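Lettered A, B, C, D, E, F, G and H in written order, each chain numbered from 1.
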């Protein structure tokens, strides 16, 4: 029940074509449609360029393809994260324009023009093993119509590699910092820029790394004040958040 | 030394008014001043309203007062977090205008006009025990010239309390969600708004709470895509990040 | 806005004393009051004998007394958990009938007749150090009008002590099993009865006990199928749940 | 030996048809049969509809089939949890009426009429990945002759999905809440209903999820008072407990 | 009720001096007394020299004194572990012969002659900070009538100190190895002797020691096959076990 | 070099048949053979029936067979733990008398008569899934010439199963208690007997079991005083220790 | 750009052979080349014999071979750690002189003469399962031109094996101690020598070993003052550090 | 007994002035004195300038003073770590020259001339709260006659502060890096220098810092190859190791 049908109901009450008890029954059964937050979903799909996102892991190729078709019908961009080449094959049979990003394990379908945001997001990654997560962040943000610049292989054990890009980093409106091992990159980057840093610990490491616990704790304890953290390997979440932040500047 | 003074130096070398050895000495002693990131500090203090922040815990009242005086000399706002009433007494002797926020354990000195940002930050807290952390976030953001709206005691065990504020929450440009116990607030809020949510787990709880580990893990695993997390009880960090995000919209 | 005011509004629409746009505005601003779950609160306080519960820890005596007064005004029973003798003194000044339970650290005010439930709850505790938690469970359930039988000091290292009460335990409609140390009591009790067992690990222990982690894990891994677990030292929660279960049988 | 055979034995002693030494021997060898808890087993199989449960994991198809046959001979319902299609094939050769529930990985044999309990259990699941655990709970409860209503895909990141079912949830006598990720569902549901909630954390998640630790801690620290927790992925235990609770109302 | 009283009851039934219903009532109320394990308690107190043990921590001086008096009445040795000087003062008022062992925080009352076991127990401790735990083990074993030899300050960072006692250690029938820090002592001792080693990790350490977790894991993973472990700081348990083992040789 | 050869050397020095420098050289190269603890090895192999033990995991079939042959040459019993059927095949080609114990994953070669110890060891296991570990304990002890009685499937969720064996358990000189899930068996058994209990947690369980951490903590925190613990799944260590303890009684 | 080329540039500016804008451009593009730490890289490759190290895990054979070729072009030694036989095959096609070390999983190419350092490194390993890590340490150090002596299978459960080598160990300038299980080796070795000990915990163990956590904590808590620790299984890091230390003595 | 006295004994045997049995007795009682490692202690005190170290924590002032006196008698430097002002007062009564270092909580007595090592150690600390640990490292190294340079407040959130000292850091022979919070300093320093870095995590932090666990894991996972780690807050150990390394260069 939306605002229009509610108005219609009230008009029927006024004209007497609907009795009060009948109207009361209708209203009691509108648990949430009338609430403001329903706008969120609307906003999400039609106006704002939020992509339709499908989490591919644990789904069959057939399942992914079917869901993909349904989502694509809305006309927006479609993104499948943690997907396999087999899932891509199934999707491509239906959508020849769909692309597969091998490193990031993402399938994308670009149905809307790539909006060029005024400001941009910087995605920084420590080592080459962190690239799949960094790429997932980049692709997510781009599917949300935001511009992204990437700076890869700039880990802190050779801090001059990162310093070479300081001026460029300072032009971004938000930075995504992706790092496994000890995850120190987020703190160093945080100290170099004056904008929010979304830190993503990765599971790249061994031994006392405990599958990402080490960089996760590092990033949560960052001595830089402008660092917030998402889950281990959650490149999607970081890209999503960065896009939300960058978009505000643009709107 | 910036690009202009570097050009000036080179011209002096060309005209001979500065000898080569003298120029070399100048250049050798610029290990980092020439780098772009030095602007960060400049930017921080003069133009952007970043407060001068002092971490009070573990410092003597005398130490806090001395540092406070030094920082206040710059003319910006000054903020002491995790401070004691004794530290406040020492500060007030020097600065009669300094204020103490008992719940948030903060000392503030407002030396700049409270800028009214066009957009605002929403700070949401689950229970009354979470207020010290939420207040620390609010005060931090306000000292950075951002407007803040607070919504307290809206924990998810009575979700209608939160839903009563949905329309208001959706008008904020960023939400800070503060919660102890199980920390579920961040996920529910995340699903209700279309902007970034900075989640702060608190140490409020007992037993299997493990001093904040429970809500920390909850927030890191949020099923909402727009949630990033800061350290347990880190109200300052959340307020700082929210201010950075909200400011972008304003600038 | 409740069902009555909604009916009133509709009637005004019918008679024309309220315009449709005006009515729409009123209805748009009822984010949740009309929803069914609002009944929960109503149900809680008036019909069902749920006590008004105040968590005493971290509150001043004055704060507890003030909240107590407000809650007592509803006419139901009032319960303060994790309270101090000082808080009790402050409450007693206002309510002479209030009682303090030293072991359980609870303040109670019984304003409703102690209903005698047909069935009863068994509260079983392993050692004398677990009594505070067990007593908190008992008092909570009794404040919710349920009968309770207690069996204390029946730890499994002398299993004959527990077996002496098997026939009695089997007459309860639900069992609360409270244990620190290794927490094995829950499994043994679970195997002896055919009703739900609510297990409460306590922080009684040292070393590899890790403040209750050991019995918590024990109870979560119980080889008995009828065991569910609440937080470490959460006697209140166990008593509350047991009361809900026992009440069903009675209703 | 029950009370009747004990009376019979004593009468034989009185009449002299049994000698004292012979009677002593009989009594010495009853280490536990005379104890009340032996009734539990009896009760379990004949009167109350407890299913015969076999844990399939780690057993060969042959082993499962043999045990299945033995248990089915009792005439009650038979349930195999965590079973494979291969185990099912082996069972079906002996029992054509046995069914396999692929999602829940359960084999069932319904030998007793499906009793229709007056009240019912609600099983609520956050995401589609949590369905195997939720289905295991449903099937377990149904094999114990209890009615179950399911509400799937109602995770808190879109809390309106859950709110749409509030009125229905409030009619259940007990709720099973199944959730992976951050597991916040249990707290929100707990606040919406006035009956016990059995929470089941699942291992669905990644990174700082630590194979179910995150939702486990969430649920143990729930700010709702009516939530008890079972082991990670333990759908069987939750269904079993819910059936015990619902049955009380019916009996 | 033992076998004799059971025979007596049956005879009364035969002669008619006890009615069948009366006999049935008597038998129904013997839930466990007739079972063999009741002998354990008997054995414990009268024949075997097990001390009466009172855990002092968390008890008032008055409580300890009262319990002490009750236990001492049995005529056996009495031991209070984790006791305070105040508790000792209260005990000494009643029992002038009671002794306080300051380092081990134990109160003892020796009421039985100190039996001299043929074989003996070796108690080995790594550092001087481990002595309280080691002494608790020694006193416990001695109160159980076993001879003990102690070897203190023989930590492995100066392994020659331990090697100086190899020949002596090899004459013990069981070794208690007490160590904090990294707890390596247990493994080295285990490799030097051919008898059981009971290892006790202590909470002596800091940082990554995690209050005894480090030596606990060390001892559980010992590369020596003859090492078993008790809880952190559990000197009592180690002394108790060692006494049980040494006693077997003597009996 | 033993005491005899040392005497011989000294005599040669006295008679001059060995020069001082030559003697010095001999003595310098005896870094440890002269030390008392060398007796351990001697004792181990020839006199006491310690088996030669080979840890099979991670070794090739060829490696196991070669080491086996070398060890068997000493004439004692040989035991391979954690071995595969392939390793057994390789061993059997060389030793037709070698046996494979499928459940326990052990290869044994009995070269010494099975000594019949006067007293015996009880091995108790909670569930059928714990049998591999229990069997490893039994076989290890038997290879060390000790008698073993086993009591399987006596978990505490049906405590009457365990109580049926109390009288028998009380005749053992030491008990090995093997349990996964919550591991409560050790505490209950500990309370029923007056001898040492060696507890073995197993990795049987799921979820909050954390691969054996749950029963490990349970056993370390046992409220029974006579329980010591070995590593998770370490049936070998438990059998070894039990054999050492039982042997003392026999010697 | 070093100080000489900087002087050269300034001279060109003075003479006018380089314009100011051109000079500025050169200087602006030296964000870090002028800093002292750039020497590190230079030092690393040409003068000091640091090997070029490639981490093989997670790279394809083709990737390893290509990177190998590029690095080998510099003329220094090349080392691939955690490499597979397949990667070796790909490398050997290009470099016939490359060697594969199966146990250590390393590929090496020795292009510089094996310098004979005056002093040497001792690498000590507890068990045969620790050899891969120990060998990785040895090979790394040798590729850095340092002499290494190895002492394998000297675990502390048979401490005489280690003591046999004390005199030799005391001649090393630094010791690498590699141990899994409980990791006690590092402490014992630390007490025997007066030089730095680099301890490497390995993942060799099971159960409460937690994949290397046990020896890691052991080594961090060592009661010997001269022990520092690297990550679990990090033989490369230990060898690298030991080479740096040993080289200092030599230079 | 050293090699000379052994030769002497043998000569006495040859000449008959010592009987064989007497010689045997002498030799049997040399369990370890003859072994090389006895030299360690000798070396430690007389020749090498190792300080006599006393761990003050948990000792009474009187105990510290007595031990101090005993150690000082040897003529070397004396160091008390983790000491209190009260302990210092007690020491100063006996040794007027003893000094107290308040920040580092150390008492020192310099009895040997401060040797000036050719090379030096750099001690780097991230924040002012880390100074106590850094100072403990500095004082320890200086008491071992090594020169130390300190660089404090150079945390990575303002990396330019650290870069300002790169050239100086590169002149040290070993670096001690002390950091709490996220501990990223060690990795950045490791990448800037070509010598060993001894990393010390501190307990400075809160929340997900877990008393030093966060920087400990950071440092163990450092992406720089030249970093080894000591226990949390172990400034003494780091200073000790750094002194051992720096001394090698000097000798």
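Assume a contact is a pair of C-beta atoms (placed from the backbone, for glycine too) under 8 Å apart; a residue touches a chain by one contact, two chains touch by 3 or more.
Bear in mind the structure is a predicted one, so any value in this text is a computation, not a measurement.
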Worksheet entry | If a chain touches subunit A and subunit B alike, it appears here | C, D, G, H
Worksheet item: Between subunit E and subunit F, what's the gap in Å when you average each chain's C-alpha atoms?
Response: 25
Response to the item:
Separation of the C-alpha centres, subunit C versus subunit H, in whole Å, is 56
Worksheet entry | Of all residues in subunit G, the ones touching two or more other chains | 31, 35, 37, 159, 163, 166-167, 191-192, 207-209, 213, 216, 220-221, 225, 231
Fill in: Complete list of chain pairs which touch one another
A-B, A-C, A-D, A-G, A-H, B-C, B-D, B-G, B-H, C-D, C-E, C-F, D-E, D-F, E-F, E-G, E-H, F-G, F-H, G-H
Worksheet item: Which residues, counting only subunit C, touch subunit F once they are in their complex?
Response: 126-127, 155-159, 163, 181-184, 187-188, 190-192, 205, 207-210, 213-215, 217-225
Discussion item. Looking at the complex, which residues from subunit C come into contact with subunit E?
Written reply: 129, 158-160, 163-164, 166-167, 206-209
Practice prompt. Using the touch definition up top, name the residues of subunit E that touch subunit C in the complex.
Written response: 31-32, 35, 37-38, 41, 58, 201, 203, 211-213, 216, 231-234
Worksheet entry | Contact set on subunit H toward subunit G in their complex | 35-37, 39-40, 43-44, 48, 53, 163, 166-167, 170, 173, 191-196, 198, 216, 220-221, 225-231, 236-238, 240-241, 244-245, 248-249, 251
Practice prompt. Please give the residue numbers of subunit F that touch subunit H in the complex, ascending.
Written response: 3, 6-7, 10-11, 13-14, 16, 20, 23-24, 27-28, 31, 34-36
